[in-house]
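Take a look at the structures listed below.
Shared chain: subunit A. Partners: subunit B in the first complex, subunit C in the second.
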Partner chain A sequence: MTKTIIGSATKELAIGFDRPFVMIGERINPTGRKMFSAELRDRNYWRVKKEALAQVEAGAQMLDVNVGVPLADEPGIMAEVVPLIQSITDVPLCIDSSIIEALEAGLSVYKGRALVNSTTAEEEVMDRVLPLVKKYDAAVVAISNDETGISQDPDVRFEVAKRIVERAHDYGIKSEDILVDPLVMPIGAINSAGKDVFHLIGRLRNELKVNTTCGASNVAFGLPNRHAVNNAFLPMLAGAGMTSAIVNPLHDGLVQAVRAGDVLNGLDPACANWIKAYRPPPAEGEEGTRGRGGRRGRRGG
Partner chain B sequence: MSDSEDDIILKDLNDADLVAQMHDDLYDGMADEVKEGTQILLGRGWDANNVLAEALVEGMRIVGIDFRDGILFVPEVLQCAGAMKGGMELLRPILAESENAASTGKYVIGTVKGDIHDIGKNLVGMMLEGAGFEVIDLGINNPVENYLEAIDKHQPSILGMSALLTTTMPYMGVVIEELDKRGILKELPVMVGGAPLNQEFADAINAHTYGRDAAMSAELAKTIVGKNR
Partner chain C sequence: MTKTIIGSATKELAIGFDRPFVMIGERINPTGRKMFSAELRDRNYWRVKKEALAQVEAGAQMLDVNVGVPLADEPGIMAEVVPLIQSITDVPLCIDSSIIEALEAGLSVYKGRALVNSTTAEEEVMDRVLPLVKKYDAAVVAISNDETGISQDPDVRFEVAKRIVERAHDYGIKSEDILVDPLVMPIGAINSAGKDVFHLIGRLRNELKVNTTCGASNVAFGLPNRHAVNNAFLPMLAGAGMTSAIVNPLHDGLVQAVRAGDVLNGLDPACANWIKAYRPPPAEGEEGTRGRGGRRGRRGG
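This part shows the complex of A and B:
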């Protein structure tokens, strides 16, 4: 069974076929957020802290960290933000940048085993990112596109992913340390986008034996009530074999949808996590007298 | 769907009713019907330019407004654009031959170097075609040379650039600088767009116009070439 181990200084997280679906919180990312961008440029990180804590509280098991502000010192900001987040939460981090220096800046100060987001199959990108992944003994997200773009044919995307996995092997990176992103296309533009991804996840899992991740929200681009589409999509992805996704855990119903998916996929023995999360609170005056857990200091993860 | 006896027979409609019906059919994304309407108008001796302007472009203008206002959604607008294409197939060869083809203008569009995202860019292209622009689509991952070559070859009235990544969007500035160096920028308005962009960034790189979304971009493009109303 493929198992990707990511960790912070004190906490280890396994992403794998027989494990609960891992939600990687996406909100530490200034893209399209004017205030956030300006604050990062001024090295003001209050919002980074707020987003980190809110997402962990909501149920994210990992956090993606992207500080890509155009024309700013991204490596410098990354080097400050990573230790800051690690000082307030123990969930593992995903260092996210398309600037190699920013990836290295984040990795060099990271405590534990990080996930690097990301490499594509573009030669120039693989040549720069994969040695870094090896050097810092990290795991890596592999996005299944190359210089020619994103193929609409899922089987071509499979071949592209395979090329990254094989190249990673050349650098001494194991399959289990690669999370392939099969690329989710908008269902509003390509009606087979959902089925294509389900098919591709199956092949990635059975033939390449790799874990998978994706930015799921793209699927509902241009649709009304898109959160509902996302929330339905995530358990379907999990059912098809996807093992993690980069999501906004603060969106209404998303965490519940993912956790319910875990229950239904048989990944939550005795439904223990589900019950722990959603057991009705005791009625007034009954605290501590009934029910299980919580009151006995059993706060497992 | 209506019963066959309620079906509208396009060729029985007078010109005004037919054009109005074509607006509805465009809105509903009915490619065959739009194509048929185009054929009928041409058969009645309409100038291809008038068919384009009054039936197709006007229909897509209405689509654009409802898209902008959140009444229509992306999959629907794609269908509208597909329907428009049906009519355009008939008009294009005629327009290409006519002396006084009244296209809104030429628009060169492409995603910048390093960036392979094209769904938003394609949507903008469709809305521009809907607005009557002749769109030259350079696709994805375009270095500055591609833009220069296309500008030289097509002499567009507007250049549009798209980027979806914070790491690729600065490249728009590189292209604009190069255009400036060559003295092209003062002649050629440059529009930029893409999810991570904003007005502030467009100003910083000296772009002429920031297109917030596809419908808005088409409207702004018409304004630039002086054909908005």
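This part shows the complex of A and C:
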């Protein structure tokens, strides 16, 4: 069974075919957020801390860290933000940048085994990112597009992903340390976008034996009531065999949907995680009952 | 592509591999409902009407009709209730009873092509139900258990379903007029219940080429926050290839989850149904803008 091990200084996380689905929180990202961008440029990280804590509290098992602000010193900011986040939470991080120096800045201060987000199949990108992944013994997200862009044919995207996996092997990176992003298209534009991804996940899992991830929310781009689409998409992705996704765990119902997917995929033994998360609080006076070995105890046995 | 045609006097509904998922409303059923049972015994049908209208309004494309009350004249009640429901709504009905006379009473007054709920693989049941299905040119739900009960092995349930399909053929009933219920077990008791059903749906679809249905809510029996489990289960069932389910469309989020499943399975062309159902109402004064060929029109083009 393919297993990608990511870790912080004190916590190890396995992403794998027989593991609960891993939610990678996407909220530490200033893209399209004016205030957040300005704060990062000023090296004011209160929002980074807030988003980190809120996402972990909501159920994210990992956090994506993207501090890409135009004209800012992204490597410098990354080098400050990564230790800051690691000082307030123990979940593993995903170092996310399109700037190689920012990736290296993050990796060089990271404690544990990081996930690098990302390489594509573009020659220039692979040649810069993959040696870094190897140097820091990290795992890497492999996005299935190349110099020609994103193919609408999922089987072409499979071949593109395969090329990254093979190149990674050349650099000494194992398949199990690669999370392929099959690329989710907006279903409002491409009606087969869902089916294409489900098909592609199956091929990636069965033929390349790799774990997978994606930016799930893209599927509902432009649609009304898009959270409801996302919340149905995540269990379907998990059912098709996807093992992680970059998501907003603060969106209403999303974490529940993912955890329910785990239950239904048989990845939550005895539904213990589900019951722990959603068991109603004991009624008043029930503590006393429990103390006497009362009804709750017997029901559980 | 397998297609089961059900109909009312004026409306035809196709259940099929390339069709939107069909929600069969389960609320016209007095099981476990004291007041409803008492009303039916008194031939007071106000609640039947209320449940019929509410479920159709919520999005049910069919309604299950079960009037099983101990010691009541179930055939007589069925013969009254079916025309009553058909007089206030045009969705097709599923005539649901364990009493053969009640099934026949419903079928004999039904206008259109009904679904009969159900036969099992028990010899005695098949020998009574299948001739009736043939006589009234109906479709039938085939539940995959027999005299020995429900097997926990999904491949045994497949063989049981196959036996019903073959027996139905003997009676001149085609595969396309059979909806197999693979039987959903409570996942709190059987951790593989979800995966078992996904596997079984695939076999039923690929090997027997039949449509499928189930009582979906059973999966979450005994769990806290069970609606969230159901709402993840339905898109997963659809993703695995199930084509209908008996559900409560009034449960928060359920209809959305099913419709989102259609979108993501590519069964809602151009997301038209989704957009129609969930497009926000136009802002004040926007009617005028649209009249001038304003922004909305351009964005849409």
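Note that in this section the second predicted complex is superposed on the first by the 285 of 301 C-alpha atoms of A that agree within 3 Å, B and C clash if a C-alpha of one lies under 4 Å from a C-alpha of the other, contacts with A are read in each partner's own complex, and residues count from 1 in each chain.
Methods note: contacts are C-beta pairs under 8 Å (C-beta built on N, C-alpha and C of every residue); 3 or more make two chains touch, one makes a residue touch a chain.
Predicted, not measured: the structure shown is a model, and the values here were computed from it.
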item: Touching partner for A:Gly188 - first (subunit B), second (subunit C), both, neither; value: both
item: Which superposed partner A:Pro269 touches (first subunit B, second subunit C, both, neither); value: second
item: Partner chain(s) touched by A:Ala260 [first = subunit B, second = subunit C, both, neither]; value: second
item: Which of subunit B and subunit C A:Gly112 touches, first, second, both or neither; value: neither
item: Touching partner for A:Leu223 - first (subunit B), second (subunit C), both, neither; value: both
item: Which superposed partner A:Val69 touches (first subunit B, second subunit C, both, neither); value: first
item: Comparing the two partners subunit B and subunit C, which touches a greater set of residues in subunit A; value: C
item: Partner chain in contact with A:Tyr278 - subunit B first, subunit C second, else both or neither; value: second
item: Which superposed partner A:Gly215 touches (first subunit B, second subunit C, both, neither); value: neither
item: On subunit A, positions contacted by subunit B and by subunit C; value: 188, 223-224
item: Subunit B partner contacts - residues on subunit A that touch it in the complex; value: 30-32, 34, 68-71, 97-99, 145, 147, 149-150, 185-186, 188-189, 221-224
item: Subunit A contact footprint on subunit B (complex, rising order); value: 70, 73-75, 78, 116, 118-119, 140-141, 165-170, 195-196, 198, 200-201, 204
item: Subunit C - residues contacting subunit A, complex; value: 187-188, 191-195, 198, 219, 223-225, 228-229, 231-233, 235-236, 238-240, 253, 256-257, 260-261, 263-266, 268-271, 274-275, 278-280
